[in-house]
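Two complexes follow with subunit A in common, the first pairing it with subunit B and the second with subunit C.
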Partner chain A sequence: MRTILYIIQKEFLQVFRNKAMLPIIFVVPIMQLIILVNAATYEMKHIRVCVVDLDLSGSSRKLISKYSGSPFYQIHSSSFSYKAAEDEMKKGDVDMIIQIPAGFEKQALKDGKAKAQFVINAINGQSAGLINAYSTMILVDYNREIVAENFSPAMMIGIKSISADYSYWYNPKLNYKTYMVPGILVLLITIIGLLLSGMNIVREKEIGTIEQINVTPINKIQFIAGKLIPFWIIGLFELAFGLAVGKLLFNIPMEGNLGLVFMSAAVYLFVILAFGLLISTITNTQQQSMLVSFFFMVVFILMSGLFTSIESMPQWAQNLDRLNPLMYFIRIMRMVLLKGSTFADISHHFFALVVYAVCVLSLAIWRYRKVS
Partner chain B sequence: MVSNSVVVNNLTRRFGETIALNNISFEVKKGSLFGFIGPDGAGKTSLFRFLTTLLLPDSGSGTVEGFDVIRDYKKIRNISGYMPGRFSLYQDLTVEENLSFFATIFGTTIEENYDLIKDIYSQIEPFKTRKAGKLSGGMKQKLALCCAMIHKPEVLFLDEPTTGVDAVSRQEFWEMLKRLKTAGITILVSTPYMDEASQCDRVALMQGGRIMTISAPQEVISNYPLSLLSVRTGDIYRLLADLRTYPGVHSVYAFGQSAHLAYKGRNVDSLNLYDYLASLNYAEINISEIKANIEDCFMELMQTATPPQKRSGVLNS
Partner chain C sequence: MKRFRGFVIKEIYHIFRDFRTLMILFGLPAVQLLLFGYVLTNEIKDAKIAIYDPSKDVVTRKLSEKILSSGYFMLEQNLNSVAEIEPAFRRGEVKLALIYEPDFAGKLEKNGKARIQIIADASDPNTANMLVNYTTGIISNYIASMNSEKVPAQIIPEVRMMYNGELKGVFMFVPGLMAMLLMLISALMTSLSITREKELGTMELLLVSPLRPAQIIIGKVFPYVFLAFIDACIILGLGNAVFGVPIRGSVTLLLLESLLYIFFLALSIKKFNIRLA
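Our next item is the complex of A and B:
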């Protein structure tokens, strides 16, 4: 036990003596939170529109003003040639073209229906979907007004309409920041945990100190415990620090029990650290270790449900995602922080992490050899 | 009571195609200073890694203080000290931190065994708050030696401790080892410097994973079967080629600024050789009869131990 404590003390000494470490621990989380949370938003603002209004009537102008009046749209240009508008989209200057054909108003009054064309740049399918949804909502609104203006109330009796109202639970204002912060905190402790542990033993291999350690009577468990516990503590500290920053800067909700968050984090960190350790044992240089860590990290992060919804992935990918520790922990974080879930709600994910931790840690301990 | 501290029998280990250790056997008496001498790649490090329980052999066995290297590796780790060839202490920890770290993982403290390392540690103690990476080469070696001895080992394995250290520090280091020997510690040390052989009680000359001879350094020299001439002229490269074609010559090799010419019995006469060289327009010819030193012995052993068709390749390497 004294040995483990001493190794832990030594690791801390080395970590804090490393000039790059303190900024990594304190500055990087704040930077990451500020940059990623503000940048990785799903809200569409400033959708640039090019208007091709060939009707130039009151109705067409009214339709356009509906869009220009919305905070999401910005009339970037207008043209009388669809070709010119299309060129602008090709250049990437506009996200959407609204084309109103000549005779739009006339047709609307005569036949009771008229057509306008919306062309959306769908290179990014997700934002195209959002633009489409916003645009449709505005159009529906416009329709309703036109009907109210042009038809007498008596005539409206026959028109039945069903309207749906939404209320968004757990995130009533659809604030993406509250949704992103917990996920990004997971990202943060994953990167720190995986890289620190993945590089550590490899570093001792590189500088040769592992030889000197291996000839000592110290056993595997002592050595690995001494290696993992410091990073485990740093990881938990990072989480606490990140949560504090999130609360202060973004006022993220903390509906559930923070103890639950930290309990899950404690298990989750063991998974990540053991993963790093495993990588450490199978590689020989810090460079190899970095590359392998990055490979796993990218796959884990992109499939974690942080940016894209797991439910919209194909079934095979969803099955594969059961092996993704990030997925479990991001869910736990969001459930506990945003929904106030209790242990019973997250137990499924929690135990998945426990099983994961036990497996990876055993594998890492088994793989770590003092003798070649 | 075992009289032999280290015993190795028929040890063989391959790394792919290369045979690092080829059927090695030897014994080291308790409390002696035993040297392994050989060029890089002779198998010295592999042998030390085997004895310090870091490397498993393909076949063969060994004991350290009566403990089987493979079976009782835990016991060996408690009683042996190892100083790897590469400086392998924590460069970002201070001298004192390194020492107390190794003391702790061996379950002891600096104070407990201070007597043993006092001689050496007192020399680096003034720098104990300096980071190990910032020490000079000689001081690094001293620190590494302290760390390898902090748990009062019965056997010390020092892998090329004097490589990359200046001549004065090297001599100092050997003096330290001799003092440690008086404390009853068995010391196994490897070195590529043949001139260090005379510092040991016994030496094993190694080459290509094999031990070519084991004896006391004086015996190695007295067993030298040839006569030697040291030849010195202005142009050493031409000289080597010309000497090799001289009749009766056994072998010729460069030795610093001069060439050493070995011959059997009375096959070569120095006066005739002088005339021969003079006829080839050499200037400042200087020929003297010399006694073989350990390096000459090694060159001879290397030649006889290597199959003839490979001889030239080995000499060039």
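Our next item is the complex of A and C:
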């Protein structure tokens, strides 16, 4: 036990006496949290619209005013040529073009039906889908108004209607940031944990100090424990720090039990750190270790459901995702923090992490050899 | 010039004799591109929903069937009471709950009006928003088909998705992956290669060699720029061949831009690094 304490002390000294390390551990993650949360938002505000109104009638103006009145839209420009509008979209100045053909009002009055064209920049598929949804909603609203204006209650008899009320639970204002903060916190402690532990043993190998450790009576388990525990403490501290910043800056809800969050984080960090150590034992240089860690990290992050939803992935990918520790922890964080899930609700994910931790840790211990 | 060539060759040996790094350099972009091209989508498919239907009549059954057959939704459970919604949400089993009012068809027939409540788990706001939109869309379509003859004046939207008609995630992803991987290779790898020389102590040897600083820097950067450029071509080629990501503009312009980007990254990190030393 005393041996482990000495290794831990040595590791802490090494971390804190490295001038570059302290900012990496404490300043960089907070900056990333602030920047990423604000940047990685899919929230749609100020959709820039170019209006091509070829009808210039009362109806078309009213339709356009519906859009300019919505907080989601911003009329960026108007033009009488579709070509010019499309050029603007090509330059990336507008996100959407609304084109109203000539004779729009006449047709609406004569046939009871008229068409308006929405051209949406769909390079980003997700935001295009959202823009489409918003635009249709406004149009539905507009149609309802026309009906109310043109039809007397007597004419409405015989028309059936189903009113659909909707409510958004847990996040009635659809604030995207509260959704992103827990996920990005997971991302940050993952990056720190994996990189620090992944580079650690390799660094000793490169400098040659691993030889010194190899000739000491320290055994495998003591060595691994001594390497893991300092980063484990740093990781947990990082999470607490990040949660405090999230609460203060973004006012994220904390519906559930914080103890549950930290309990899961403790297990999760073991998975990540052991993973880093494993990488560290199979690589020889920091360069290799960095690349291997990055490879796994990118795969883990993108498949974790942080940016895209897991449910929409193909079935084989969802099965593969069971091997992704990030997926479990991001789910736990979101469920506990945002929805107030209890241990019974997350137990499945939690035990998956426990099994994962045991497996990776034993693999790392088995792989580590005290020979050079 | 000869010295410089020798230095570049030394760097190239460094890279090519480290087989693992090389594998990663070329395997990484290919694997990631293929994986994510097939996996990452933003479209919503088979979202799990729960339905509470106390009236169980022809209309509610037909409407539920319409909603479930749209391809967006999948029935996860039939609820027996409204109180079951909250636990289902908390376990993360369902994303949306539909609640019909009792005696739905009767009220629709008698009063011409009936109500549905849609409750979405908005802890994921965007998905919730889209799901609600899809559902209301299906419901209003259903209403329209019920009233087919009596429909009043209507504006029909004609939506065109520019540049990416099927809203494929890959289109967004390939250029992003390219920028990210190039940054990884040119910034990280070059800076690590210098750190390594410092840690091994071979930096001293370079410092006392007749090579000028500029030659060292350019010599260090050159092989990585070359590799990164090949990677850029692989990503573009794979994206185009496998996923049909279009290159609508000029290819030359794109390649020149990426070359500029790689150079900038490699050099900026380098400068920072040398100053630290």
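Quick note on the criterion: the second predicted complex is superposed on the first by the 370 of 372 C-alpha atoms of A that agree within 3 Å, B and C clash if a C-alpha of one lies under 4 Å from a C-alpha of the other, contacts with A are read in each partner's own complex, and residues count from 1 in each chain.
Throughout what follows, contacts are C-beta pairs under 8 Å (C-beta built on N, C-alpha and C of every residue); 3 or more make two chains touch, one makes a residue touch a chain.
Worth saying up front: this structure is predicted, and the values here are computed from it rather than measured.
The superposed arrangement places subunit B and subunit C next to each other on subunit A without a clash. Between subunit B and subunit C, the partner in contact with more residues of subunit A is C. By the touch criterion defined above, A:V215 lies against subunit B but remains apart from subunit C after alignment on the C-alpha atoms of chain A. When the two complexes are overlaid on their common chain A, residue A:I207 makes contact with subunit B and with subunit C alike.
Using the contact criterion defined above for the overlaid structures, shared-chain residue A:R2 touches subunit B, although it does not reach subunit C.
Touch criterion met: A:K10 reaches subunit B, while subunit C stays clear of it. Of the two partner chains, neither subunit B nor subunit C is touched by A:L248. In the superposition on chain A, A:A39 contacts neither subunit B nor subunit C. By the touch criterion defined above, A:G125 reaches subunit C but does not reach subunit B. Minimum Cα-Cα distance between subunit B and subunit C in the superposed model: 10 Å. In the superposition on the C-alpha atoms of chain A, the part of subunit A touched by subunit B in one complex and by subunit C in the other spans residues 207. Within the complex, the subunit B residues that touch subunit A are 49, 52-56, 73-74, 77-78, 80, 82, 84, 86-93, 97, 101-102, 104-107, 147. Listing the residues of subunit A that touch subunit B in their complex gives 2-3, 6-7, 10, 13-14, 17-18, 207-218, 370-372. Those residues of subunit A that touch subunit C in the complex are listed here as 42-43, 63, 86, 89, 108-109, 112-126, 128-130, 132-133, 135-137, 139-140, 142-143, 146-147, 150-151, 156-172, 174-176, 179, 203, 206-207, 283, 285-288, 290-292, 294-295, 298-299, 302-303, 308-309, 311-314, 317, 331, 334-335, 338-342, 345. The touching residues of subunit C, when paired with subunit A in their complex, are 18, 20-21, 24-25, 28, 31-32, 35-36, 38-48, 63, 87, 89-92, 95, 108, 112-130, 132-137, 139-140, 142-143, 146-147, 150-165, 167-169, 171-172, 180, 184, 188-189, 192-193, 195-196, 199-200.
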